[in-house]
Amino acid sequence: MSAKPVSRFPVPDLKSLPEDVRARILSVQEKSGFVPNVFLALAHRPDEFRAFFAYHDALMDKPGGLSKAEREMIVVATSGANDCQYCVVAHGAILRIRAKNPLIADQVAVNYRKADLSPRERAMLDFAMKVALDSGAIGDADYEALKAQGFTQDEAWDIAAIAAFFALSNRLANASSMRPNDEFYLMGRVPRA
Amino acid sequence: MSAKPVSRFPVPDLKSLPEDVRARILSVQEKSGFVPNVFLALAHRPDEFRAFFAYHDALMDKPGGLSKAEREMIVVATSGANDCQYCVVAHGAILRIRAKNPLIADQVAVNYRKADLSPRERAMLDFAMKVALDSGAIGDADYEALKAQGFTQDEAWDIAAIAAFFALSNRLANASSMRPNDEFYLMGRVPRA
Amino acid sequence: MSAKPVSRFPVPDLKSLPEDVRARILSVQEKSGFVPNVFLALAHRPDEFRAFFAYHDALMDKPGGLSKAEREMIVVATSGANDCQYCVVAHGAILRIRAKNPLIADQVAVNYRKADLSPRERAMLDFAMKVALDSGAIGDADYEALKAQGFTQDEAWDIAAIAAFFALSNRLANASSMRPNDEFYLMGRVPRA
Amino acid sequence: MSAKPVSRFPVPDLKSLPEDVRARILSVQEKSGFVPNVFLALAHRPDEFRAFFAYHDALMDKPGGLSKAEREMIVVATSGANDCQYCVVAHGAILRIRAKNPLIADQVAVNYRKADLSPRERAMLDFAMKVALDSGAIGDADYEALKAQGFTQDEAWDIAAIAAFFALSNRLANASSMRPNDEFYLMGRVPRA
Amino acid sequence: MSAKPVSRFPVPDLKSLPEDVRARILSVQEKSGFVPNVFLALAHRPDEFRAFFAYHDALMDKPGGLSKAEREMIVVATSGANDCQYCVVAHGAILRIRAKNPLIADQVAVNYRKADLSPRERAMLDFAMKVALDSGAIGDADYEALKAQGFTQDEAWDIAAIAAFFALSNRLANASSMRPNDEFYLMGRVPRA
Amino acid sequence: MSAKPVSRFPVPDLKSLPEDVRARILSVQEKSGFVPNVFLALAHRPDEFRAFFAYHDALMDKPGGLSKAEREMIVVATSGANDCQYCVVAHGAILRIRAKNPLIADQVAVNYRKADLSPRERAMLDFAMKVALDSGAIGDADYEALKAQGFTQDEAWDIAAIAAFFALSNRLANASSMRPNDEFYLMGRVPRA
């Protein structure tokens, strides 16, 4: 559908990229069947590309702690609050898949307080949204609310760090007019036969 | 998937409803294949039900002026700004169908400034969002911006009136925790064979 | 005093109006001694006129539930928050009359938290203002606060629906620069001999 | 009508006050026919009382420059924006009298952009509102807009200083729940025979 | 370093000033070693100058009640919230000296919730910030929170009045682009031998 | 002065850290004479530590493009807007040193619009602040304003990326109550003999 630009900044040829950057992109392509545009949009800055995905992986693929679906909920809720089209659409797709729930991403993106959430998930997103929108006001009461829902201090860091990382990601995507791939919109919506 | 409540207010039996209200609901069901929850959530107040849908039809089905897709864009953009899950999900489905575009609703709901819009559509949504979010500041310059994109004064009223009507609708849906039907989420996303 | 325009949109001649619209206007004129400008400003759109006043009457003239003065308090408080000159001035007049209190409208319009209100009225307006200004955040605690002041669930709907309807009305009035009639400013301020 | 408290802070007996404070109060009473509550509410702090009214008089009674009605418009518009009941009601009365216009105060208090203002008055209030609400963003363009309407640099200071003084006054009145005298509500609304 | 202008408004010659204004300025110069620019920036309006400093002294030099350091904390916190460069820099210097703490001013200016404060100081600044930023919402609970930390009603007035006075001062400084003297930046940072 | 905690999260012993993390910390200590607390506060998460500083170095130490002082201005201005004590205090110190200007950091932190900036620096910070505070609204006009001041597209990315990275950093520091080292407060304020 779209030959629309991926970004308002340059998108280099795969051939011109450093070997490790190209390898990462090819590996994602093999796994997903397409190259999510964030990989292309950041590739013109290889050092930033490497740091961005190293940080992303450290938070999103870290073993233990929050479930994969919980992490994606944080991304979708805070990206919605930051009006970030790329992150809502791309991570909405991942959330649907991780949560095996075709409805949850749209619910969380529009208004997480009206979404089908457990009290634990609700507390997690209350905290994440405060990190995203008013981090200077975070205090003891916010940590106690997490603890009351069974979150460890280590998981509290995870929530804060994911919300903080996507504060960065949302701003890069918004400033560069990063375009979500058409493929994301339908992913996880139709049960596989 | 959901036997989740349609609203935090009572939802009457179809049988107990006044004839005209029931007829409207059955007619919608026949046409859509299901009853959108807004019809059930408002039915406990038949006079308000009648006025609500009369107003809705006067604005959304009025011949001439804005296209059907343009009207739905206004609904989706302003409902996103008002964090209204019901209206974003339900009217997002209608927008996809009216615009024959499976991507446009998610784009407009998250950030209309990054959506695939013509300059005319962008001006229309700039005006609609000001009606939704800061109507007290509307002045001559806002009308001139519409005119510069070819909108008539009559169409300016349509834009304002649709944004104003969904200011009402969004608040009713939010206050009642009106739940979008599961059917809406996938409508208009998959091309019909 | 004013030959100032009633609206930035067309105001039709009474003679050119559909019979029912003209009849409604004449009936209001007979009862009030003048035609409130909202009737003239909406008349160029007869279907919207009919729906608007049907909705208005369903909420504001409904028997039982909130008192007439309470309903007008909701209108004045939320219209003040929305910077709507027409609604503050016109409904301020009606509130003074309904409440038999020449001071209450100005108090509620400027800052309802400083007005001469009972705890019940204060709770009612806290809820109405949240519907007006941040409806996406409404939750169980808001309904419990109403219940603690003796409001039924049915009355909670009334409060929400009135605040929601004037969210519409305020935006129409602001977008059209609807002018309050000079007559409203003094109504209900001077005790009748 | 009201034996409601003038302030949540102590209101001293006239007899217990320092001579100059009492004299000022008696002189106001003689001139107005009643003692505006701001005089009573500040009297428990004679030094602050003296400084407050000295500042007030320096700005509001200064010969030349802005007209008396223009100065009161600044007070009413910014006090409305600060939700200050005392100042809107009391200075609304004075504005009606100074401007010989029974409608202007309510218009300016609710939304000065919809009030019956000249372009000069509109520019004056645009500047005053920016001083009241976002003074850190004031820059050259704001001064140029004043100049374009014929305001001198000296008058620009007057506008800023009046908006700034009532930023103080509004906060004192709000924090102390200062109550406007009942007399103010009707003043200037009825033409004198 | 700077021959940068003190204000965008005229700064009169000392010689041209009324005797009492000049005397005040010379006395400050003798005590501080330089003339803080606020004295120069207000001198073109002698009546306002007199009222401003009379008010300032009544609040900041009043015997008893809040400590001098506490008063300066209120000034620095609220001036930071109002983006007022002059007041943060000048009163930051005074706070460092009064509190004999070289770190406290920068902490309070950026985010008082993260500063090294006692619970009493934190409650004081919570109240002061509400006066500065949302005075129309102040109510009983705010006074009770002060009382719980041992503040008297008289001290509550002090907090409110200081926050209110600097609401005025911040706006004057912002509107006039009042420049802090270079001397302030280093004062109180280096322990005296 | 402070044995105050560095963070509300665990701060590991240097000895327990992975070799590369410890080496980075020791190298910073050697260069600066102390270990900035951000290194200690992030060390409990070695993978995030590595990614954070790799990203930081890619943006802040990248050869060419923005000057070092310009980059630090972006950090200080946006960190002030995000109420981040650690980043304002620590990067304020670095800014003073890089710019060889003892005043600039406090000016930029409080209100960059009143700071001693060139038009180029002002445009750079206008853009950076929009990335920090309202990135969803960034559009062509924002890029054109940068271009008009001579910024290349590549430098526009730098500005956006630095503002975005510190959106992350500010949120981590706020959520963890990261404490700035006492050493930062005085750095760059006193000219070296």
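To keep things simple, chains are lettered A, B, C, D, E and F as they appear, and every chain counts its residues starting from 1.
Convention: contacts are C-beta pairs under 8 Å (C-beta built on N, C-alpha and C of every residue); 3 or more make two chains touch, one makes a residue touch a chain.
This structure is a prediction, so every number in the text was calculated from the model and none was measured.
Path length between chain C and chain F in the touching-chain graph (shortest route): 2.
Taking shared numbers over all numbers used, the chain E to chain F interface scores over half, which places it in the same class.
Put simply, the chain farthest from chain A by mean CA position is D. Computed from the mean C-alpha positions, the centre of chain A lies at a distance of 28 Å from the centre of chain B.
Centre to centre, using the average C-alpha position, chain A and chain F are separated by 24 Å. Per-chain CA centroids place chain B at a distance of 44 Å from chain F. Across the assembly, chain E contributes 83-84, 111, 114, 136-137, 174 as residues in contact with two or more other chains. Chain pairs recorded as touching, per the definition above, are A-B, A-C, A-E, A-F, B-C, B-D, B-F, C-D, C-E, D-E, D-F, E-F. Considering their complex, residues 8-10, 45, 47-48, 50-52, 54-55, 57-59, 62, 82-84, 131-132, 135-138, 143, 153, 157, 160-161, 163-165, 167-172, 174-176 of chain A touch chain F.
Chain C meets chain A in the complex at residues 136-137, 139.
Against chain C, in their complex, chain A makes its touches with residues 111, 113-114.
In the complex of the two chains, the chain B residues touching chain A come out as 1-2, 4, 80, 83-85, 88-89, 92, 102-103, 106-107, 109-111, 114-116, 174, 177, 182, 185-186, 189-190.
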